[in-house]
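For reference, the structure I am asking about is given below.
We just call them A, B, C, D and E in the order they show up, numbering each chain from 1.
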Amino acid sequence: MIAFDLALAAGILLCAVSALTRRDRTASVAAFMVLGLLVALSWVRLAAPDVALAEAAIGAGLTGALFLRAARRLGPLRPAAGRTLAVPAALVASGLGGGLAWVFASASPPAIYAPLVAASLPESGVSNPVTAVLLNFRAWDTLLEIAVLVVALLVANLLGSRRLVPVSLGEMTLPFARIVAPISILLAGHLLWQGSSAPGGAFQAGAVLAGGLLALVLAGLAPTGTLVVRGALIAGLSGLAVFLIAALGSEALTGSLLGYPNRAEKVWIVAIEAALTLSIAATLCLLFTGFEKRKTS
Amino acid sequence: MTELLPLAILMTSLGIAPVILALPDGWSRLRTALNLTAAGMKLALVAWLSWAVAGGAEFGLSLEIAPGLALALKADALSVLFLALSSVLWLLTTIYAVGYLEGGTDRSRFFGFFSLCVASTVGIAMAANLFTFVVFFELLTLATWPLVVHRGSAEAHRAGRIYLVYTLGGGLALTLGAVWLYALAGEVPFLPRGVLGDLPQTDPLAVTAIFVLLIAGVGVKAALVPLHGWLPVSMVAPAPVSALLHAVAVVKSGAFGIMRIVYDVYGVETVEALGLALPLAALAGVTILYGSIRALRQDDLKTRLAYSTVSQVSYITLGVALVSPVAAVGGLAHLIHQGIMKITLFLAAGNFAEARGVKTVSAMDGMGRLMPGATLAFTVGAFGMIGVPPLAGFVSKWYLGAGGLDAGQPAVIALLAGSSLLNAAYFLPILHRAWFRDPPEGAVPKRRIGWMLALPPAVTAALVVAAGLLANAPFSPLGWTRFIVSLEYL
Amino acid sequence: MTSDLVYHVAGAGLLAIALWRLATCRDTLRRITALNVLAIGIAMVLLASGHDPATGVTNPVPQAFVLTGIVVLVAVTAALLALAERLEGSSDE
Amino acid sequence: MTTLPSVLGTGLIAAGVGFLAVAAIGFWRLPDLLSRLHVLTKADTAGLSLVALGAACLTGTPASILPLGLCVLLTAISGATVGHLVARSVTPRGGRS
Amino acid sequence: MNETSLLVSLPLIAALVAAAWPRAATITGVIATLGNAGLAVVLAIRIGQGGAEAEALGGWAAPLGIGFAADGLAALMLVMTALVGLGVSVQVAGAPLPDAGRTGQRTAFWPLWLATLGAMNALFLSADLFNLYVTFEILGLAAVGLTALSGTRTALRAAFDYLSAGLAGSLLLLLGVALAYATAGRVDLAVVPELAGSHEGRVALGLIFAGLAVKAALFPLHFWMPAAHSSAAPEASALLSALVVKAAIYVALRLSIEGGAAVELLRLVLAVAGAGAMLWGAWHALRADRLKLLVAHSTVAQVGLIALAIGLTTGARDGTIWRAAALLMLSHALAKAAMFLAVGRITEELGHDRISGLNREELRPGAAEFAFAIAAISLIGLPPTAGFVGKWLLLDGLIDRGAWPWVALVLLGTVLSAAYLARVVSRCLRGGPHVAPGARRPAWRAGDAAALGLATAALALGLASALPLTLLDATLT
């Protein structure tokens, strides 16, 4: 398998170089998306399927879509300023990279987390260790992470970024959206439910759901009134609200922030995850479509 | 209740300052009433305090603001000396300033900072440790700067900038020295005969360096050559400010600081043992001569007075540095004497400028006939400065001379004689013009001098005479300084 | 040579490429892409460190870190792109 | 070890990969966009379907058939739609209909 | 319910309410800021009396779970944030709206500010490196939103540079955390001494410090800050300069104390970077022609001074220097917030903020100018302000260490800060007919209250420095 790893790594590096050097914006974004997919593959190789799912859905898919949108709106690449800097910068960067590779490869972490997770997993209420870490052991990180999404939503709202206006794409897209949207809902539900015991969870499910919604929006099938945007905004905010209320509620019950009541952990976690899925889907969708209707120039 | 007396004295001016600053400019009656009430109250409180201190009472207040750092006030005999000077002169200068600035702009700002300035002086007088002293010393810089630039002209701002550069630079040196001393000694309260213990033996180099830093810091305000440059320049300020800067607040705080550092931080014996007394005395001597010589050449009346101040304030330093109880009495007494004499001169000069527009020596012709009262006050002040008996200046010069002999430095006599001659040389021509020349044709008064402008110089002139004539009375400045010196040179 | 080492090196390579691009390029979109590549590089070395070649299992805690990092990064990227687009729009006005 | 399903599965996957390789070569060698699109959409769909079928044979559980079928379905739909969209985007409006 | 839980969740809940219901944004924001201030004070009093508290979130103890460390230093920072936030909130809530265009700006302000507040509270309490990274991201995004609030092109440009620099800093931090994990196998704050003991660990700490240096705008990574802080709306600038920058500085201080003597070299680099920022900022402040730019550069300089102080801590927990640094942080927060609010008022009044145009026909300085002057005194470090006590303690500690070159640098920084701030204050006292036509004192008389209040707090803190300093005694070891 080492050959496969080497090929994958080479492909990853090649894609990265391509994404960062191609002069054509679309080509560079395409290279970035391929990079995301290859990276997701490499994480499957590193036995991290949860992360691979998230990377494929969010890192490659959604970020790529955002980049594509921006590439269209930003116009062509400006010529690079100074070439004189390129060589010394490359030398310094490769030196830094080499140093980091050496330091990381020479460090081997003592197994501290693994036994702790193994010991605590039965009490966490779920059997997928990644979900246990995300929603129970280190749920505070996850709560703040949702807060990052909310703040990004607020910033995008403040900037009033131009709303995506779906141009007529022809009848061919309609069946596509009509099929993809329900499948994505099903898939999201599946990922959400499976998250407690197998790879999956709120983030992956939310991203898939967002993809389905976006298909509807792009096909012109979704309603686009201001009221809808406002509703989506509130849906985007609701995930953090539910999480915070759950945090405070659990403290009221058990005396510890985010300390779920005994033997009800799974219910709490799934409830929170369900709210998060909807909210993440709404947030990602809004981040992509934008808020304000402006004259398209 | 009486323990809070120092705080009450401080608050009479510190508490009133923000109130006055916040008053609209037009409310002059209320402002004047507030100012005069506060000044009167302070005078009464200081009188009470002096009575109590003379009776042996001790006052101390302390607020710890950080581990090892406390804002502490106390009232000892030396404080009372300075307190009495500033409270009397504050009252008089306030009356004068109210009259002087009538109809002017920004009076609330002026009087607010004026009060703050006096509050800082009072704080300096009552500081019980070096930290407190530094705090009020810097506050004084901040409070006087807006007064120097009060007129708002480009020239005033130039003066303000120079003033700030000198005083903040000095403040930096003082702060550095103080921090260093705290780092070495832990705490530095002001106690007679010094507080350094065996530090001068264990680390003489650091202690000497700290002494130089501290003296340089306070020396800026005491206008020791070569740190005197700000003083003549800041003459651009209004007359009451000049009077205040020169007679009470700034230069006297500097001189007072030298006293505190030499007497109550290091102790005279330590200073002498470190070999620092003679250089300090020499510096004072140089300043005395230099100031007098520069004063000779100035035509601007206030600038001439300013150089005279440079010279005269160093008498105090000289008295401190001579390491002789007799000289110390002279120096301390001069703190008061020079204050009342110089303020008389400045107030009178302010009246000349206000009433007749006379700002230069060459324009003084016939002033005695036109403004006899002010000219008389000016004459008394000038004679006092020269050291004509039986005025106040004579008393302090006598003691300084005797102290010089006592300390085995007969050169001091020569120094004093030379200085007195120079004093005469720059004051007598003014008096000659004022009394013996005819006023210029068709001179018309610019404005009438009301009682508020006329009274204060008259009172201070009377004080000059009284301080000289009644020098042996128990509550005269001289009597009080003897009491202080007896504590220091037991 | 183990596969962990391969991914360590690949991650560090991504970091180096991204840093080089950040230092030499002024174009907004390219810089944002470079920051994303940087983040991927970090995620890769983190996961490779968490991977235990003996058992073939990757520690769930670094996995959670990387997951969090991905979501945070998409949020920041969206904000950056919105800003860049707004900037582009306002220069036209 | 070498049961019928595993042989069949491996064969199917190999065939699928062959299709994909041909698609890739075609994408690389063909001159213009429309013909590239042509080879991509068709060969891709076929290749992926074969690979999925092979994978289903290899795992052999009925539970795995649903997701694999979903994969094939989604790829087929999206391949068709994307191909259509790309073609539309290069075709001048009102040109060949 | 515990104060710490409420401190971290209440602002976030309020942010959501304000975002979802813009009409109630102002009232929600004011109530939340007030409540937050109350909670912070209660917590500080409790910690001052009962000592530091540690809490394991969800009952999962570190290193697996995330801990809250509510100690004296954290409590001091919480109170600082609460007070400055209160002042700025009063200013924003009370400001009259000149036109409808600003309504949207104000409603957008509240959720962003409340998110900032929540993130800062979470950051001060957090005892986990990865958690710190996440809080930094919230903080960075919300701060960028505050920068972009005014919507001008320069503000947007600055916001973009701010966000990309902030992201680069965060990623450096994350790389450091990753290496910390790779070295020690865990990422709670208690791992820092262990990290300091190995080469890889020190590289990890170095990466973390580099990330923090970007976020705190230390030389030579300061390039983004003056533009961001000078082009934002004054209230936003006050929050950014007074608080947001402190977050990175706080973490640097925490790591310096935790790291002990083993991270001496890193601290030295920090001190040098701080000194560079101090000199660079002062130099540019001296040459600035706009008031806001001057104040923004002064932030670079002052933060540099604080970083210098942190870099020179001895690593001992009973040291003087880090206490001085904490006190300087507090006094800088109060003074700088007051200064930016005052600048906002002056700009509003004159219609511009050119320093050469600050001359007044009416010589009497208004309350805003007065607040500016008091804040300037505190920033220079003149008595009786908290800045003075902080500098005194700093010099005391430096002299104790015998670090004379650093003493000279601190004094030089003081002189420079006096020089550039005197430029402004003396202008305000200068006469001249240069009042811009049409500029007049706005009708909103209470507008100077917040600036004056914050400046007075900086002044009064000098006399009450014993309070924060005793609170610092309860810092976790």
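The working rule: contacts are C-beta pairs under 8 Å (C-beta built on N, C-alpha and C of every residue); 3 or more make two chains touch, one makes a residue touch a chain.
Fair warning: this is a prediction, and the values are worked out from it, not measured in the lab.
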* To do: Hop across touching chains from chain D and tell me the fewest hops that reach chain E.
  => 2
* Structure fact -> Touching chain A and chain D alike are none
* Most central chain, judged by mean C-alpha position against the global CA mean -> E
* If we define chain centres by averaging CA atoms, which chain lands farthest from chain E? Would you check? => D
* To do: Could you tell me between which two chains the number of C-beta pairs in contact is largest?
  => A-C
* Asked: Which chain's C-alpha centroid is most distant from that of chain C?
  -> B
* Asked: Whole-Å distance, chain C centre to chain D centre, using C-alpha means?
  -> 30
* Structure fact -> chain C to chain E, mean C-alpha position gap in Å, rounds to 29
* Asked: With chain centres defined as C-alpha means, what is the inter-centre distance between chain B and chain D in Å?
  -> 98
* **Computed distance of Cα centres, chain C from chain B, in Å** => 69
* To do: Scan chain E for residues touching two or more other chains and write them down.
  => 64, 130, 134, 137, 141, 144, 148, 156, 175, 178, 181-182
* Asked: On chain A, where are the residues touching two or more other chains?
  -> 100, 104, 107-109, 111, 113, 117, 137-138, 141, 145, 148, 151-152, 155, 159
* Structure fact -> Among all residues of chain D, those touching at least two other chains are none
* Asked: Each pair of chains that touch: what are they?
  -> A-C, A-D, A-E, B-E, C-E
* Asked: Mind pulling up the chain C residues that touch chain A in the complex?
  -> 1-21, 23-30, 32-34, 36-37, 40, 43-45, 47-52, 56-64, 66-68, 70-79, 81-86, 88-89, 92
* **Interfacial residue positions of chain E with respect to chain B in the complex** => 363-365, 370, 377, 382-384, 388-389, 392-393, 395-396, 399-400, 407, 411, 414-415, 418, 422, 426, 429-432, 462-466, 469
* Along chain E, where are the residues that touch chain C in the complex? -> 64, 130, 134, 137, 140-141, 144, 148, 153, 156-157, 159-160, 163-164, 167-168, 171, 174-175, 177-178, 181-182
* Write out the stretch or stretches of chain A touching chain D in their complex. => 169-170, 172-173, 175-176, 179-180, 183, 187
* What part of chain D is in contact with chain A in the complex they form? -> 70, 73-74, 77-78, 80-81, 84-85, 88
